[in-house]
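In what follows, subunit A forms one complex with subunit B and a second complex with subunit C.
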Partner chain A sequence: MAAATSSGSGNLWRSVAFYAFIAFFLLVALFPLLWVFKMSIITRAEIFASPPTILPNTLTGTSYETIFSDARFQRAILNSVIVAGVTTVICLFLGSIAAYAIARLRFRFKSPFLTLILAIAFFPPVAIIAPLFVQFSQAGIINTYASLIIPDVVFALPLTVWLLVAFFKELPFDLEEAAKVDGATTLQAFWKVIVPLSAPGVFTTAILTFIFAWNEFLFANTFAFDISVQPVTVVIPQFATIYTVDYGAQAAAAVVVTIPLVILVLIFQRRIVSGLTAGAVKG
Partner chain B sequence: MAEITFEDVKKVYGEDVVAIQDMNLDIPDGEFVVFVGPSGCGKSTALRMVAGLEDITDGKLFIGDEVVNDVPPRERDIAMVFQNYALYPHMNVRENMAFALKLRKVDSDEIDRRVNDAAKILGLENFLNRKPVALSGGQRQRVALGRAIVRDPKAFLMDEPLSNLDAKLRVQMRTEIAKLHNRIGVTTIYVTHDQTEAMTMADRIVLLKDGIVQQIAPPQEMYEYPNNVFVAGFIGSPAMNFVKGHLEKDNGNIVAAFGEARVPLSREKLENVDLDPYINNDVVVGIRPENIEDAEVVENPEGTTPITVEPQVIESMGNEKYVYFELSQAEKAHMESLAEEEAEVGGEDDDAGELLVARVSPETVAREGKEVRLLIDSSKVHLFDPETEEAILQ
Partner chain C sequence: MAQQSQKKEPGFFGKIKEEFTTAESRTAYYMTVPTLAVILIVAFFPIMYSMILSFQQVTPQQTFGTFVGLQNYVAMFQDPSFRDAFFNTTVFTVVSVALEFVLGLAIALAINRQFRGRGMVRAAVLVPWAFPLVVSALMWRLMYQDQIGIINYVANTLGLITQPILTDEGLLLIGAIVSDVWKTTPFVALLLLAGLQTIPGDVYEAARVDGASRVQQFFKITMPLLKGSILVALLFRTLDAWRIYDLFWVMSDRQLESFSTYVYKAVRISQLNFPLGNAAAVFIFLSALVLAFIFIKGFGMQTSPGGK
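Right after this comes the complex of A and B.
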């Protein structure tokens, strides 16, 4: 009995410590976001208050009014959606075909090939930005969506391929064979069986690719100098005049551009975690 | 529906790993053929070559009159049931069954009609809208069968379809598959490692070992007239007993002698067989456990050979008993071709490997450690050449 009690209280302490740690971790992880959110809803005076307030004293929607009445910002969100969306679609289309081939086919130099793909992802973008600028200018695509999408695809594709290879390798081979015997061509087997089945993997990859492209700043800042193509990452720092920086508006904009990502993850996380392949084979 | 013909079909992996050695087989339209053999014997490879999932290294494979060596699976018009069912998990039962028909652009009324018919045959009417994950093992197995029968294909290929089911369900599905075949009569190739499935379901059995066809025969014929030691040992459970023996002439009779036993060979078996080279020479004597009976329960001991043994273990099956015994002065023959099998069941080193087994009536008086008289049915004795391991009697 005594042993049971002591082990019971041991469990209690363990779970208290467990949740305390989780709370601490969440606080650290979410602090920057919470701080930015606080900045977006307080007055300009409070932003500059010293010492800074932990909890907001004043509440105001001015910053949000500023950004939403700004045509530049609205246009920038549309641009971001277009650039990140197109990048994601291209990456998934090319990446899934390439990953499928790598996962399923036997060919020479497969692993050096995979390493090479990965090496591209590690290539520092800054190193190629000047030559790219020259080439894009010559090709006449500077200051267009293409000048943002092309480098985004190049740098996101290796990630896409690697993630998808891992997912495709997990799928039971029998399903493909079953589809082929059922009368499907290799491509039909791929689109009708493999892709739907790897949906959790494809969604995960899509989200990561989208986030990558959504957050991209360097290429956008270099190749896009017209508001008709500039994405939000470039526009947010421009909430400033020569004399002042509108930190409140920047914070509000940061919150607004984060929301689509959060929504995306929330929508798809159920698909990501649900084991879609359950029931395909015994087990 | 169509016939399937193997003409010197060969499969080699890489440079020199031979999976199938010059296989020749004619499967007439509507026959149920079972490929059976120990794991790694090439039975699945042979099946997958028919499906088109495996290249054919050499020889010709016909489905109907057409050589299909280079025809992709989707154009062969065959249906396959996989060991792990391979149901499409993102589709419900109806969609799973309709998938092949949709790919063939069959019109949707026809698809509905066929899927509903198949569902009725298989008792799946109430599950058509479920996903595979919500089905039991037996139901999944039925969906896999349903996916095959809606197609009305030239042939069914089944790759160990029952091995994932529990023992009771396996027996039940075995009967259902047999019933299904009787009903629709499509040429079927069925792969299994289980000799019971082969015996119960097949019109003809093809027994393979190391990529070489050992024998092709209807089940009863394969059981009664095995070509060689391997076939004799593989078909039948418990497996045939093999003992080292000696062939002698005795008053015009030919007698197989082992230990104290002297089994006279029945004359019918000796027709068309030249036994001269074996007289006074070693042979391997094969006796099926069911051909040894307790002397007390045999009504008509004519044509039998008595042996006296001391049972070491007796296992009761309810409807029969297995009596394990050592035969004094006789040596159990360890055949090379069966060595792997023995190793698999772990019988090589322990005593059980040295024991012979009799399958006797439950009324037997045999007790462990107490001498008992058993009778061997002389007409059912098999003889094998100790070198080639081929059957001597026909």
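Right after this comes the complex of A and C.
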């Protein structure tokens, strides 16, 4: 099947066509990113040039200076890190114990429980913003980190549980038996044997949960009205009105938020793919 | 698992009691209770509350209002904005999911082999998937912009459009579909590729020996064996598109209406439309439930992670 190793002129053409397809696909996939990156590093005059330039002519860092000197933007990144970080930690804690029960223990109400978790994955979050708004206001936590973290945890949990169940199932079942023979309880077997052994899977789950929480917009746009709590997803769209015609600054903001995720993806691509497709294959 | 469920059947409470007598299942319940509690408190009770509110004339400041039956639902279906939301969300879901499926399957079939640069392709595929929908919406908005947008410029030069993309609702909807297809097709391709890789090569070998053509192989082997992966991808994408909010809100600067933007505007911005917003919230919840039910029961999709 390997295109690169095949011989003969027919196969050569097939191989050329294949790589042309791949090149075209990469170009389409990456074009918007490259284009917006280009917008962020050129002068305002070049941004407005008609016809537009294909390659950047006049390089400048003005757009990045604008963005990084904006206190609102700095604060937003900090808020995003806190909200996504805390959400990830809580999800991993709740999710790993639930996933362990599902993957490795026997109990009668397992499948209704799984169905409930799956239902949350398909739940339209907009359907509960009105009641949550009332409840959070009454509890005095509206417009705080908690009002973002609580709904984020619930909507990220299905992903966390789903991935962890798939990873926990991969380990051989005699592991706990052996631990129990040595006198460990179920909980000890879980913390001391299963969690350390599935560390790569847990780590992958953490990355995916973090990305999920980092990208959340609806709850943040509903429950956070001060700059002190708003994450980047809320602040970035506001740039369209703050920097009305400073398109370079808007482009720079988009690039800055994207780069950490691009780096994460490039480093962990193999793990992320294995996580994303876990369970989906046999399902 | 088989031996445990085939016993004499006690009553419902008897079953629960019996469950708590073995240490293993008792531990299992303790471990699942926190997750269960969080889901019930933060998602299940609020949706019940939304349902109650949807039958009432109520303001955001009241805990409960007066019962008005189906009046809110009737008013909602008569609201032109809701009809817009209905039309846009339906077209967006059907067209973008169909395109993502066809393109995703084509890409998955093309890259289902060993070749040099495969890792690079996979990384490139993941990048659009990983970053926020809000940022992707902003990027596409910049490209659709009438003064500086490259796509607006090209479309205008080719005579494809007669007015700026960002000022026309039809063009905005097409723009939203294009942006979503760009962002999500790679994800669909990855899911389908993972499914393709579980099909053993000797199945195709046997088919070739029996004289099956490529087209026959595709429809008689690939598609049936890929059914599980296809259903998972379609279900995820359909329900994700059905609740679309970020993309419409940011890319069109609140002009393009979807179910989610309609609910958001009604319950969060306009106080007057609060009752209609509650009705629409319940509507989007129930319609998502029906869609999921059709996939799971109607198409016989299996729903447990890691098989079995």
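Note that the second predicted complex is superposed on the first by the 235 of 283 C-alpha atoms of A that agree within 3 Å, B and C clash if a C-alpha of one lies under 4 Å from a C-alpha of the other, contacts with A are read in each partner's own complex, and residues count from 1 in each chain.
In the analysis below, a residue touches a chain if its C-beta (ideal position, glycine included) is under 8 Å from a C-beta of that chain, and two chains touch if they have at least 3 such contacts.
Just so you know, these numbers come straight off a predicted model, no measurement behind them.
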First, second, both or neither for A:Pro200, with subunit B first and subunit C second: neither
Superposed model, subunit A: greater residue contact from subunit B or subunit C: C
Contacts of A:Asp174 with subunit B and subunit C, given as first, second, both or neither: first
First, second, both or neither for A:Gly183, with subunit B first and subunit C second: first
Intersection of the subunit A residues that touch subunit B with those that touch subunit C: 276-282
Residues of subunit A that touch subunit C when the two form their complex: 1-4, 18, 21-22, 25-26, 28-30, 32-33, 35-36, 39, 47-48, 50-52, 94-95, 97-98, 100-103, 105-111, 113-120, 122-135, 150-151, 153-154, 157, 161-163, 165-166, 169-170, 186-187, 211, 214-215, 217-218, 221-222, 232-233, 236-237, 239-240, 245, 247, 250-251, 253-254, 257-258, 261-262, 264-266, 269-270, 272-273, 276-283
Partner subunit B, residues of subunit A touching it in the complex: 172, 174-175, 177-185, 188, 192-193, 196-197, 199, 276-282
Residues on subunit C engaged by subunit A in the complex (per definition of touch): 1, 4-5, 15, 19, 23-25, 27-29, 31-32, 34-36, 38-39, 42-43, 45-47, 49-50, 53, 60, 63, 107, 110-111, 113-117, 119-128, 130-143, 145, 147-148, 150, 153, 157, 182, 186-187, 190-191, 193-195, 198, 201, 228-229, 232-233, 235, 239, 242-243, 245-246, 249-250, 253, 259-260, 263-264, 267-268, 274, 277-278, 281-282, 284-285, 288-289, 291-292, 301-308
Subunit A contact footprint on subunit B (complex, rising order): 51-53, 72-74, 76, 78-80, 82-90, 99-100, 103-104, 131-135, 137, 140, 147, 151, 157, 164
